[in-house]
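The same subunit A turns up in both complexes below, where it pairs with subunit B and then with subunit C.
Showing the complex of A and B:
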């Protein structure tokens, strides 16, 4: 960090000739970035515009026109129609539990595979990788029968268990490769100090890899929050549904209500975006940060 | 340490789940009619402002009034959720007591074949539901042992119908001094006038259902009831190069070539088609009665009206979605009572006055002038036994085949002959699968 910080000012004090030559290039890059930014936020913008537009306004002006007046009824109606507060709570509680449990499970697995160097760990990793690549559609029927027999069909617990396992599969894969690079000096030092395996894990390995764990936690939370397919299958009654499933209520057989769909889309992604903004510092610290100090 | 135990117990639960797999089993008895049940769980997926939503809300109130002490647990579902999971839900204890479900072989037919739906034949006879439905409407309520519609037992009851008609912008017709066409020739002349004035006549959504319904309408102009039965109910083998479909595909191609249908409409979605019509960008749109209620509310800038596809006796259309009673319903008798209420004249009239097409309404009870037009058109089709269902019904996954085929015609990448060959293949394969 310090190295790059020092270098930037020197680059700026270079002779003006070089800077002049760089100017048009910089301008082009800036323009390209702006265009890219516009492309990225365009869908969000369109959703926002249509979310505060009345249906008649939409019918008259189409999706791209600006609303003639702000119309909040779409958002309010949708909130009341699906009891959105409850869906938020359902989504939050499942995502949070999955994120915590998923990270814990990943730590334990990765500790055994990455640092413990269990026999045949390559095959374990291949297994986890394959489990990651498996499309969820393949899992639906087996999971359906299992959960039905266990009495967990139409219950948030089934979703928590399924996603803890799915997320932990990815977490194990990633964390194992991080732990394989774990500085042996630290482990040896802990060993000399007489720390047992568990003590080493909780007092040495976990604190050092905390930034990576933070990243995993954030990703697990957001991924679980955005999951649609399995919650759609497993959460049958409206009292158990999560946010993305609730958004599906607006999709009719042949007609859609564009303004209300936009309104629901907007309040549906807002929580995930806020969460992302809150935790983005953990993300920027990097996935492999802390491996070598 | 405490937290790691949580992980362990999750694992233990999974183990228990797999162990329990072999433990349970069994089933319930069908004789229990559930007349003394204290709750009725009811699902449907119509918006609260749609004709069905309004009428069914009233029906729920009436049901509560006539069944004091019974709690109605209504849940509004997403179409997608029911479509994807009905089979799994109905096979579990989370099944509702009564629900709205899609008509057709791939949906209600499939579930009835799997024994997940209650046979309503007896109730329909006893309560007179069968008499309220004409032959065209009744087709989609009956499924045989293979789950093919048209004959066998009654598994569902529709409250409303739908059909494809022509919406037109009266202001634009007046501007070019045009009359409502009564024959296909006149219709073509109307569209010619628009093209001469540099207006694309037809709003078409080529990326979804609208375009194939136009092609099907054109084919129907040369068809009779026997051909529809052959195509939809597999009575006889259908020749895709025969006069009906060949005429449909050839004429559709001509319409594209003459500029009635814009070349870029291959990528337009149904929703965008509807919006472009409400904006007054196109004078004519050929699509279903499901737009009607929405147009009544949303078209403010011009006068509009409807007419049936000129010259046709047969029109794409069918009964609406069905009320079905899951086999696992715990309150079957209550569910029958509820269906009975939805068929009552006042609920049917409410449906008709809100832009729906009721199946059993007295035309005189429809007070709204605009909705009268919609229902009179339907009565005309009804009296001629003119419901020809939809082109994508005969085979599973056929919708996408037809969309791709018609898109090929619109952007000119395929000849009508190629398209017919292409769409004949999955149809014939399905016949072979059914052993016909």
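Showing the complex of A and C:
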């Protein structure tokens, strides 16, 4: 598996200008692609315009008209009603902690397996691969039962522990294959300098593999943010819910009218969009990284 | 230089994995052979849960639904994504610019980054029988007779979910395949052009052939996520109406947390797990064989 960034093809693949103008077919194709793109993003656009529409405006103009004036009350009402700031905080702190701890755990595992090449490493790798594949349904009930016994049910701590391990299973698998290719000269040099294993890890291995770790961090953060099933089971009280759980359980609530529902959709979309814009480069690089095994 | 003594670094990972993965997995498999309501004693009943499972028509229909969802989440997006990726990489990027190609790529990828609960809200809203946008649109363009309770009628619910899942999944293959195409030597395409190959011939003979590693990865990962699907079903239909969109994971969830039939739920999730692992082994084998041939 390689972790090379997406190289954009160089300009030489672009044909000369004259050829560009010659062919009308290419505009038909472009128009078809634009139409498809519009279909794909239409649901998000519809949600957005209706989220800032007053109920009266909506009743008059229907879902497709542009709002006659911007109306923020739907969003504000919804925000206050579910205490959305708190859900955002719960989601953020959980995802951030999981991303940090998950990357740390992946580093430790991959250091032992990829660089240390400990005995039985193939079996450890098979284990982490299988752990990746397991549906969460096969773990959920015992986890639910055990966390109740341990007094950690309905607490963000249980979610953090569980997802740290689950994400690290993927991270270990990916990072081990990166560390297997780690330049031995660097390790030998550290040996010669008399650095212990822990110091080699922190001052040589981690800095060199920082780009990969960045991809892992981003993935862990976004994956944990979007997780639904286990948080739904574990975080039952209002104060502990994450954004997806809070929005998911409100679906079909009788008190939610059309505009308020789309308002709730919009404030659920926004954080995801922000991450997407911020992490776009890392993400496309990372998706590719997971692919080439 | 042989390096020793690295096993210490595995200790936290192994301990935590035992706690969060191994012990729960073993407990679920054990529980699948018992009758248990979640409190009180577990009673060993051997294979009774499994025999009951294979006679349960709901179990079979939930797997039937999964087959259709694999079509919507794995097969259609992979094929459509392969075609679109080739068009974007090999046509749009060359005849227009890379910027157009990446714009389309990002646009098609957008539904992938939205949390599943929000996807549920967005589509639940658009398909809502009373105030939903789709029925309003149909009304406006004079096709009001087609208006429907899309997610609420057994006849259309699963197809609606399938359509939504194609929308969700499409961006992933496009991104993967476009990345894979970067590996392709441009000279191959130029040679094909010189030989007078049409775009379609090039697509079939070169693009599809060279991109097989990505093709397998995409097909495996999307098939597995189809087998595991829970969130979209929970937020869109709750498995209904009258179990028309029931899937194994939701079926297990209901047995665990609504019916308190923990033993039966464990049997369902065990079967699902075995299926996923078996499928992964088959896929890995196929992939290895294809790679050796290449």
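Following the convention adopted for this analysis, the second predicted complex is superposed on the first by the 212 of 293 C-alpha atoms of A that agree within 3 Å, B and C clash if a C-alpha of one lies under 4 Å from a C-alpha of the other, contacts with A are read in each partner's own complex, and residues count from 1 in each chain.
The rule is simple: contacts are C-beta pairs under 8 Å (C-beta built on N, C-alpha and C of every residue); 3 or more make two chains touch, one makes a residue touch a chain.
Since we're looking at a predicted model, the values are computed, not measured.
In the superposed pair of complexes, A:145 makes contact with subunit B and with subunit C alike. When both complexes are overlaid on chain A, the residue A:100 reaches subunit B alone and has no touch with subunit C. When the shared chain is aligned, subunit C comes close enough to touch A:23, but subunit B does not. Of the two partner chains placed by the overlay, only subunit C lies in contact with A:44; subunit B stays clear of it. When the shared chain is aligned, subunit B comes close enough to touch A:154, but subunit C does not. Which of subunit B and subunit C touches more residues of subunit A is settled by the count: it is C. Of the two partner chains placed by the overlay, subunit B and subunit C both lie in contact with A:232. In the superposed model, A:265 lies in contact with subunit C only, and not with subunit B.
Shared-chain residue A:115: touches subunit C; no touch with subunit B.
Once the two complexes are laid over each other on the shared chain, residue contacts for A:60 go to subunit B alone; subunit C is not touched.
Touching of subunit A by both subunit B and subunit C, each in its own complex, is seen for residues 62-63, 105, 108, 144-146, 161, 164-165, 232-233, 245, 248, 251-252, 257-258.
Within the complex formed with subunit A, the subunit B residues making contact are 3-4, 6-7, 10, 13-14, 16-18, 20-21, 23-24, 45-48, 50, 75-81, 84-85, 88-89, 91-94, 102, 209, 270-271, 275-276, 278-279, 288, 290-291, 294, 297-301, 321. For subunit A in complex with subunit C, the touching residues are 6-9, 13-15, 20, 23, 26, 29-30, 33, 36-37, 40-41, 43-44, 46-47, 50, 62-64, 105, 108-109, 111-113, 115-119, 124, 127-128, 130-131, 133-146, 161-162, 164-166, 168-169, 172, 184, 187-188, 191, 197, 201, 222, 225-226, 228-229, 232-233, 243-245, 247-248, 251-252, 257-258, 261-262, 264-265, 268-269, 272-273, 275-276, 280, 283-284, 287-288, 290-293.
Chain contact summary for the complex, subunit C toward subunit A: residues 1, 3-10, 12-13, 16-17, 19-21, 23-25, 27-28, 31, 38, 84, 87-88, 91-98, 100, 104-108, 110-111, 113-118, 120-126, 128, 131-133, 136-137, 140, 167, 170, 172, 175-176, 179-180, 182, 186, 213-214, 217-218, 224, 227-228, 230-231, 234-235, 248-249, 252-253, 256-257, 262, 265-266, 268-270, 272-273, 276-277, 280. In the complex of the two chains, the subunit A residues touching subunit B come out as 55-56, 58-63, 81-82, 100-101, 104-105, 108, 144-154, 157, 160-161, 164-165, 232-233, 236-238, 245, 248-258.
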